[in-house]
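Dumping the structure here so I can ask a few things about it.
For reference, chains read A, B, C and D in written order, and residue numbers begin at 1 within each chain.
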Amino acid sequence: MTTTMGRTASAGHSAKSPLIEKLNVFTAFGLGIILAVVFYVLAAKLIPEDTDAMLIHTKHDQIILLAMIGWFIGFMVGIGALIGPFRWLLGKDLSHDENMFYAGKDLGTKRYFRYTTDHKVVGIQYLVTTMIIFGVGGILAMLIRTNLGNPEGGWIHPQAYNAIVGIHGIIMIVGTIIMITGPFGNFVMPIMIGARDMAFPRLNALSFWLIVAAIPPILSSFFLGGIMTGWTAYEPLASESPAGMDGYIMFICIFAISTMVAGANITATVVRMRARGMTWNRTPIFIYGVVASVALALPAFPVFFLSQIMSAFDRAMGTTFYNPAGGGSGWLYENLFWLMGHPEVYVILLPAIGALMEMAPVFTRRPLFSFNVAVMGIAGICGLSALVWAHHMYMSGWAPLLNGPFMLTTELISIPTGMLFLVLVGTLWRGRLWLTVPMASIYALLWNFMVGGITGIYLSDVPADGALHGTMFVTAHFHYTLMGAGLTGAIASLSYWFPKMTGRMLDRRLSWVSFWMVQIGFNVAFMGMFLVGLAGQPRRVEAYNAMFNRGNMVTTAGAYVIMTGMLILLFAVVDSWRNGIKASDNPWFAKTLEWSVPTPVPLENFATLPVVTTDAYGYGKAKS
Amino acid sequence: MSQTQTQDKAPWWKRKDVKETAILWVILSVLLGGIAGEVIARSMGAPASETMANTIRMMKVFTWVSAPVAGLVGAIALKSLLQKRHYGDTPPAESDHEIANSPKAAAVWIVTSGLLCLFALVFGMIVMQEDAKSLQAPNAIHVNVTGQQWLWNFDYPDNAGVRSHDLYLPVDRPVIFNVSAKDVKHSFWIVQMGVKVDANPGYITQTAVTPNKIGVFDVRCAELCGLLHAYMQSQVHVVSQADYDAWIKSQGGRA
Amino acid sequence: MNRRIVGAFATVVLGAGLIAGIGTYVSAAKADTTILDATPAGTLETPQGTLKHYTMDLSIYPDSFFKTSSPHPDWVSYGPSTNFRVPAHSAITFTMKQYDSGEPITNDFFARVAGTMNGTININGKDVTKVDANTIGHTFTVRGLSNGKSNVFINVPMPMVPEDKMSENEGEYINPTIVKFTIITGDAGEYVWNCEFPCGDGTLARFGGPMSSQGFMSGHFIVTDN
Amino acid sequence: MSQETTHAHHEHPDVVGSRNRLGVILIIVADVAMALSILFVYFYLKGQNVNNMWLPAATEEVPATVPVSSMGALYIAIISGFGMLLNRYALQGAKAKNQAQLTLGAMIAFAMSVIGLVYQIQQMNSAPFTMRMGAYASCYYLIAGLNALHLALTAFISLGNWNRARLGLYKTDHWHVEIIQVWWIWMTVSAALGAFALSFT
């Protein structure tokens, strides 16, 4: 991993307040837990008992939410997130040495457990966190599939089953949202555009530690009665759920703040900090994917944040935003949720496709086919994705007259999406294919995303949605897009940038084995799911009619193959990280800037900032 | 497809690899369209209403329309894969051409996908109109559907007092469902008739269908509604008008 | 090379083991793991001829203090168990002691008796086919999945105990409403039952709390062969 | 809102300033999205009027909800407006290298944010209904809550601004004050939006 050879001058940390040095992840967890307990006890003592006159009892939710807020405050204080703002308030801005310390100068591995601002450290932190999140989500997925092995379920009780389904959903969504912009957007992106760091290094650290602070609440909800709503947390069911729902609400609120911070930070970095000469035409396509994604998330997630704040008020303050008995409306929640929810799937998809489009020229040794079309495609998807939310609500009956218009916008999205396909196949055409895992991942994406896209066309059509909405068909469809396309891109990015991030190659044989197991298992599993969905099995059921048994057995079998593949990949990553083959600075002979810096990457990336004179896709021009 | 054009003299469509790609394209399209269409029709089973029949027909058409697109992508990808492969730790030689873009190909591609979109939209709109017919039918019977955790129950307002847990409908007669919920959101779905609408607390939503087949079909809840959501199911008994009247009488209604 | 194969294999085994462990823990973690079996009682003449006869006695308490370890002792609950096992193709006579008060039911469809033998139930000695929708305490509502064999619907409303009669001496409730009814079971299979009277006070639509949690007002109704 | 000086020692203040301004504007974009969806909530629930409970009818245990006049919200907007003008006055002082004017403006701007916050909280306490009384009451508290949150944030920022002005940190460059001006503008606009919504009952 990266050592900290910065400028050798001014290594003395004389003027630094000792507080900065004391705080780290342990103080954060300590303070967080202490405050949580304190808040819990105080709330339990001080809050008045519910009276029978209240239609909705609120004390329990108030206690739980306050305890979680206590955890949140304690954690952020304990990690040192508030030092910067208060130093600003006091007019004592951090000195250069202090900032160097924040950047992790001369701290060795300690910096991975602190509020470190160096974008490379944040990238590694994100990478590990993402893998942990996928681990949790994967375990839950296996529980779901095992329970669906027989029609009458019963292995897991319905209450626990609903909690598992919901938390699998939301935690996987969060994992896929951060899986590329987090690790690679932070580690690789600034180097790729020739910058020394992100625009706001401390916001960068903030966005990461917010995610860490968000995870305990969602996991705690297992022990608070779980959530019975699935990841969408539809109201009014969410108001009826046990206190586990409060964990979900807290998780979303914190995560939304993190997304907003990261979005502002990454966008500002790309807009303001590209190297001299890196015009928009010379900016690598991966950057476009990342920026489009976070720029889309920036206005989308505050809406989600608000919807959950209102859920919290309904549960804990007795307001009636969603409770029909008090003039509330479930359709309101659905609108707010999907206003975020549909852009969010492109937040997941765009960086993945951007990354694969970045790799296509490298592994075909020819220029990216029609760069402009790729940019147009990404822009088109961004623009349209804000106008399609209600296709999730065709069947909710909230506005039957609007189904036509939303059918139009939804089907229009297939045009920019098609452009991305054109770019990929155009780049493959007559290239010399260097068969590596990233190359194979491009083919996997073409297939999976094609299936996901065409099934999406059925679902975008109102009459067909009348038969398919709320069935396993939908579940299979979005797994094809988010997992088949998104996660495939993330794993490709991992093996592509692994040498730069760790200085070692990802073990080739093992990653091939894992690739094939995951892709085959995935297609078996979700093809089976398409079939039971077409035949009429609803989503999120713990027991189902015997007629669906065969299809579910297929899916479960496929799921076990995926699990094996993923575990092999996990071992490959850990093993190669520790003792893999040493990698050269540019093992893929690629032309983007991140490969021009030495591995491990020095603290401020570039001794002298580069000047860009051409785009990064000048392959195949050698002989002409 | 003009992104295959290169510097050499022969017109691009005469080149060997282009011809092979074209053949591959045809084969793949037929395979994809045939298999996918067949699978969809088989899995969705026999329709019990015109609505469902329309849906299945439309999905088959969409499959056949999108098969060539998928087939083309597949053909180009496969052909490139079969053409020049390279293994090892060092990159292959640079590719022997440098086409960085092809406005013609992009234009053709975008226009084509635009037309396909338009087709899908128009087709869908037409089917929507057809399905909406039952909703305006004058001779339609009304059924009030109530979703409550975790059961459906049905009222027959034309015969006050007749209520049931399993739905009874006369064949070939339009039915209008007025759907609502007591507690949380459910989704009323008659599987084999391809109609679905959410049951929202505080609202009444409508959907309609004309069953055209005598038999027993399924009502399932299609929106996660809590603990026993999986068991929120009923049966639909579509019977002849005479049997329907008999049943109504047996339930204390006057048919 | 060798080490890598071993390592990968070990990771897979460990991972699978972890999942299995968590799965076992989750499947074991049920608020009510007990299953109550029907007790044999000779045979019974039914419209469907002479069938093996079984009985089952249940109670419905306004709280669940009777449970040794209940996470919510103040929640209304069925007892002694919420999971019942009865034999297929036989007559089961339920005797239910309903100790709770009540109110008008939100959906009077569930004030009607359905699915019992002769379509009647016996309340404090009187046979009835429906009860006053304004004085319901709870209901006992059984149903299965909609596929042919197990499309079952049984609904037994249970009148409330008037507040003044609900006097209580050292934790013992008295003056229950006694509801007797007989059902004739069909094919074997796993069915579910729950109470359709919204009695989760203080929750949305009064359907949260005990209504939406395992082991209080809902459970499994298992029909076994022989 | 904190100054990022990791590499400021080899960057011109204007570069840093423009970068920070962009960052703040982007964060405000997110906040705008939230404020607009609050308006959406207000008008959607008003339009739907589910169970005729937007303004619930009086029952024996729950008295009818009476809409409050939107003047209160309007006053909040006006107070914010004053704060914005004073911050602008301070900014002009900074540009003119007039330390006294800078400090004075920043101080009164801070005072304004505190006054607004106190007044908003007082309004919430003196409302003739509680949150539990139907959709309108809920929405009223939602809008008031957003104002209170914004004002608290503004108080923190403008306090820091005043303090830094007092310490003379703006002698060389004053882009902090410009960015805070951007925030003050949004503060005023969002308060005005709330008042606009509440003017429909």
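By our rule, contacts are C-beta pairs under 8 Å (C-beta built on N, C-alpha and C of every residue); 3 or more make two chains touch, one makes a residue touch a chain.
Predicted, not measured: the structure shown is a model, and the values here were computed from it.
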Which pair, A-D or A-B, has more C-beta contacts? A-B
Per the C-alpha centroid definition, the whole-Å distance linking chain C and chain D comes out as 54
From the mean C-alpha coordinate of chain A to that of chain D, what's the distance rounded to whole Å? 31
Once you find the CA centre of chain A and the CA centre of chain B, what distance in Å lies between them? 30
When the centre of a chain is set as the mean of its C-alpha atoms, what distance in Å lies between chain B and chain D? 48
So which stretches of chain B touch two or more other chains? 183-184, 201-203, 218, 220, 226-228, 230-231
By the touch rule stated above, which residues of chain C touch at least two different other chains? 145-147, 204-205, 207, 212-214
What are the residues of chain A that contact at least two other chains? 54, 158-159, 228, 236, 240-241, 324-325, 328-329, 331, 543-545
Can you list every touching chain pair? A-B, A-C, A-D, B-C, B-D
What residues of chain B sit close enough to touch chain A in their complex? 3-4, 6, 17, 39-40, 43-45, 51-52, 54-55, 58-59, 62-63, 66, 69-70, 73-74, 76-77, 79-81, 83-87, 89-103, 105-106, 109-110, 113-114, 116-117, 120-121, 124-125, 127-128, 131, 179, 183-185, 187, 189, 191-192, 194-198, 200-203, 205-207, 218, 220-231
Can you list the chain B residues touching chain D in their complex? 202-203
Complex interface listing, chain B residues touching chain C: 146, 148-151, 153, 163, 165-166, 182-184, 201, 216, 218-220, 226-228, 230-231, 233-235
Residue numbers of chain D touching chain B in their complex, please. 50-51
Please give the residue numbers of chain A that touch chain C in the complex, ascending. 50, 52, 54-57, 139, 142-143, 146, 151-152, 154-160, 164, 225, 228, 236, 239-242, 323, 325, 507, 509-510, 513, 543-547, 563-564, 567-568, 570-572, 575
